[in-house]
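Please read the structure below before turning to the comments.
Each chain gets a letter, A, B, C and D, in the order it is written, and its residues are counted from 1.
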Amino acid sequence: MPGLLDTKGFHFYSLKFAIAVMAEMLGVLVFAFYSSSSPSEYAAWANGLSLAVAVYITANISGGHLNPAVTVATVCTGHISLLKAGAYIAAQIVGAILAHLIQCGLVPDANIGNPVGARGIFFPKPGVTKGMAFGFEVIITFVLVSCVYAVAIGKPHFGNVGPLAIGLALWASDFAAGPYTGGAANPARVLGPAIVFNSKWQYAWVYVLAQLAGGLLSAAFSFPLYGLGADWARLWD
Amino acid sequence: MPGLLDTKGFHFYSLKFAIAVMAEMLGVLVFAFYSSSSPSEYAAWANGLSLAVAVYITANISGGHLNPAVTVATVCTGHISLLKAGAYIAAQIVGAILAHLIQCGLVPDANIGNPVGARGIFFPKPGVTKGMAFGFEVIITFVLVSCVYAVAIGKPHFGNVGPLAIGLALWASDFAAGPYTGGAANPARVLGPAIVFNSKWQYAWVYVLAQLAGGLLSAAFSFPLYGLGADWARLWD
Amino acid sequence: MPGLLDTKGFHFYSLKFAIAVMAEMLGVLVFAFYSSSSPSEYAAWANGLSLAVAVYITANISGGHLNPAVTVATVCTGHISLLKAGAYIAAQIVGAILAHLIQCGLVPDANIGNPVGARGIFFPKPGVTKGMAFGFEVIITFVLVSCVYAVAIGKPHFGNVGPLAIGLALWASDFAAGPYTGGAANPARVLGPAIVFNSKWQYAWVYVLAQLAGGLLSAAFSFPLYGLGADWARLWD
Amino acid sequence: MPGLLDTKGFHFYSLKFAIAVMAEMLGVLVFAFYSSSSPSEYAAWANGLSLAVAVYITANISGGHLNPAVTVATVCTGHISLLKAGAYIAAQIVGAILAHLIQCGLVPDANIGNPVGARGIFFPKPGVTKGMAFGFEVIITFVLVSCVYAVAIGKPHFGNVGPLAIGLALWASDFAAGPYTGGAANPARVLGPAIVFNSKWQYAWVYVLAQLAGGLLSAAFSFPLYGLGADWARLWD
């Protein structure tokens, strides 16, 4: 089985874990760079397809989390230890920051610290309140993380098609939420451009809280369905 | 094998069946919410992809019916007992109603009981008679349910790719029928918005009858091809 | 293994073969109806996705040929007997004719024998000569049939993903050839609307000859790669 | 396992290797012809889908490289011998040249040696410097080749879905890089049209160097992850 969500193959103090952390960083870098550099009318396509590809590349190296909401959920269901999760989340956010720094070098009108010409910033579209944005992001993160659980941990799992199904979950989510919130479903993707372009901080916390809530809701559903993993309440392993 | 259409793992009086009913409700909720919130020009994409994702999430929990036409067909071919089927269909319709109630909270211009600004309502496009709409919905529901049978019950079945193929069946159907009927192929998706927005009841019964006819037609083809399931003519199990 | 191209499970005089012939007819009916009813700007999507779905539905029943060019090629490489092939090709053409007859009932502006408002007719776009159209159709039929051979008969074959890959082959072909020939790659899809709407016969023979040539070219490549099937030069079996 | 990247089944002096070289040539021919003949607004779709299809067709024959950047990377990681790699790369470039020569015969406004009406030529879009184009092409080639390694050589590999994932990698890359460089990620696709239409040579070397750098970067990551292949530093085998 390809190793979706699997972090058992390496200990916290090991070269393999260092490589896994680097894979999470590079995976989010690619995913965030691709998603935010694409034309906005094809954002749903670019988000979904680039997530599928990044998960295919990293699944056997780091388990292909690539999303702090996934990592927080899997800490709660015992599929990753606390310290590993902390390192993963830090790497995911650093990856997103690097993606937008590279963008400032490669995209003509993107500049560090300048919201004008910035790419990948999330904010509610006109007429959408913070509460509505919160609701949309809870739902789509719940769907995304639930799909991750279903294809990776469900018995039987969905094997080789898993990363594709995860990409389709984001793709579908972005058709639904794109016209209202932009369809992030990933705290790293919100924090990366907010930090690099120093923009829309008043909305960033709404998105991040909603996404964590969506991930935790999915973890709560996962527990009765799939049980707890071996790393439950472990500081490290 | 992932459990498409499989309802043998739980008895009617069991926690597992209660979870399965809840999965059907949440699965249709997600599918209906995603499909109807997306921009109308990408409805075919959103319908097909979100159905694939919802089936991936629920396949191993409830069998991933998510459609009263599927459930009615599988009652007739003995793949689910009568009482379970009744609970599934009720859960599917409740899920669709909840999807549109949530939509009234999250989408700026959608309001309960108000057809103006409503989302997801199905009706024949200009120039399309009720008879034409009936024909289109019979055909696309027949194709959708036939695809479900082929990938889930055919020998050999199509394993991990099954939910994707089911999503593609709706996606393709919505390119064909979208310009004429909107491409529903699912009574829950018709009844949910009709109830919440109290609109287009004069067409809803045409759609629902056509979809049940399409599902039954598919069940009639399934019998000689794949035989009857163990639950044939069972009230419960 | 799902039975792509597999016709060994039934004899010529058997109920199973009669069912297989009916599956070919219904499969082409669905494929041709879907492809030609969809909006022309999404023809590539509709063609590719509906072919994938029709092959998923029919693969285990008839082998999922759904295309006279595939059947002619597989006769030459010994994967189907001559009489079976003849019955398949007749069923495929009848399926396409029925698709467009049904269309005349369900689509407001389509009428039998009337090219005005007709759907699904293939002809070279402005500036494209018959020779150019011939070349395009040879190439895309060669690619489509080669993909069928590769995923179904190649060792190892591509299992559950085969029908999807075949759909992608037509989808990709229609991006390339769509602006020049419409991208048919299937004699049944050319003959069906030409017969029903009595239109563009001056181009139909160019398309059909090119498609047969593309299929035969693919069969010529298949022989050294994958060898001959058990039905080579058999009248029936 | 379908034979992605696998070149062990044939010796350098063998009919099988000659067939493999021909498969690389025809595979790139189809891929380059399809990608460059499609309408430019759907270039990302056509590129990604036609690459997936070409890899499905050639995977079991030649290993489905279809890209000098893949072949150069796999030489460095020992998955193909030097002489075989040289023959593959020559065949890939010849395939791309043939694709555009055929295009000059089949597409009304394409002519040999004439940049006006030419198809498939890559150059930076307005405002994009050579340095920016270099950066984009390094990144997308790195992602494409890394996906090839992950699905083909990673343990466990991704089996039947591998060619699809490779196609998705290019599809996603072309949403990101398309508006800036056109999204080539393949030296053969750059050199083919540059030679046939004798155009944009001032950019071609930037693209090719960037793509080779991206491939080598991916090979450098592959070595610690997946180890070296049996052909490492072999002149032939």
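As a convention for this text, contacts are C-beta pairs under 8 Å (C-beta built on N, C-alpha and C of every residue); 3 or more make two chains touch, one makes a residue touch a chain.
Treat the numbers as computed from the prediction; the structure is a model and nothing was measured.
*Asks:* Using the touch definition from the top, list the chains contacting both chain C and chain D.
*Replies:* Correct list: empty, since no chain touches both.
*Asks:* Taking all residue numbers used at the chain A/chain B interface, answer same if over half belong to both copies and different if under half do.
*Replies:* different
*Asks:* Between chain A and chain D, how many degrees of rotation does a Cα superposition need? Round to steps of 5.
*Replies:* Rotating chain A by 90 degrees superposes it on chain D.
*Asks:* Which chain maximises the distance between its CA centroid and that of chain D?
*Replies:* Max centre-to-centre separation from chain D belongs to B.
*Asks:* Taking the mean of the CA coordinates per chain, how far is chain B from chain C in Å?
*Replies:* The answer is 29 Å.
*Asks:* In whole angstrom, how far does the Cα centroid of chain A sit from the Cα centroid of chain C?
*Replies:* That pair's centroid distance is 41 Å.
*Asks:* Could you say which residues in chain C touch two or more other chains, in rising order?
*Replies:* 160-161, 164
*Asks:* Select the category (line, ring, star, complete, other) that matches the graph of chains linked by touching.
*Replies:* Topology of the interface graph: a ring, with each chain touching two neighbours.
*Asks:* Would you tell me which residues of chain C are touching chain D in their complex?
*Replies:* 44, 48, 127-128, 132, 135-136, 139, 143, 146-147, 150-151, 154-156, 158-161, 164-165, 168-169, 171-173, 175-180, 224-225
*Asks:* Where on chain B does chain A make contact in their complex?
*Replies:* 1-3, 19, 30, 33-35, 37-39, 42, 45-46, 49-50, 52-53, 56-61, 102, 105-109, 160-161, 163-164, 167
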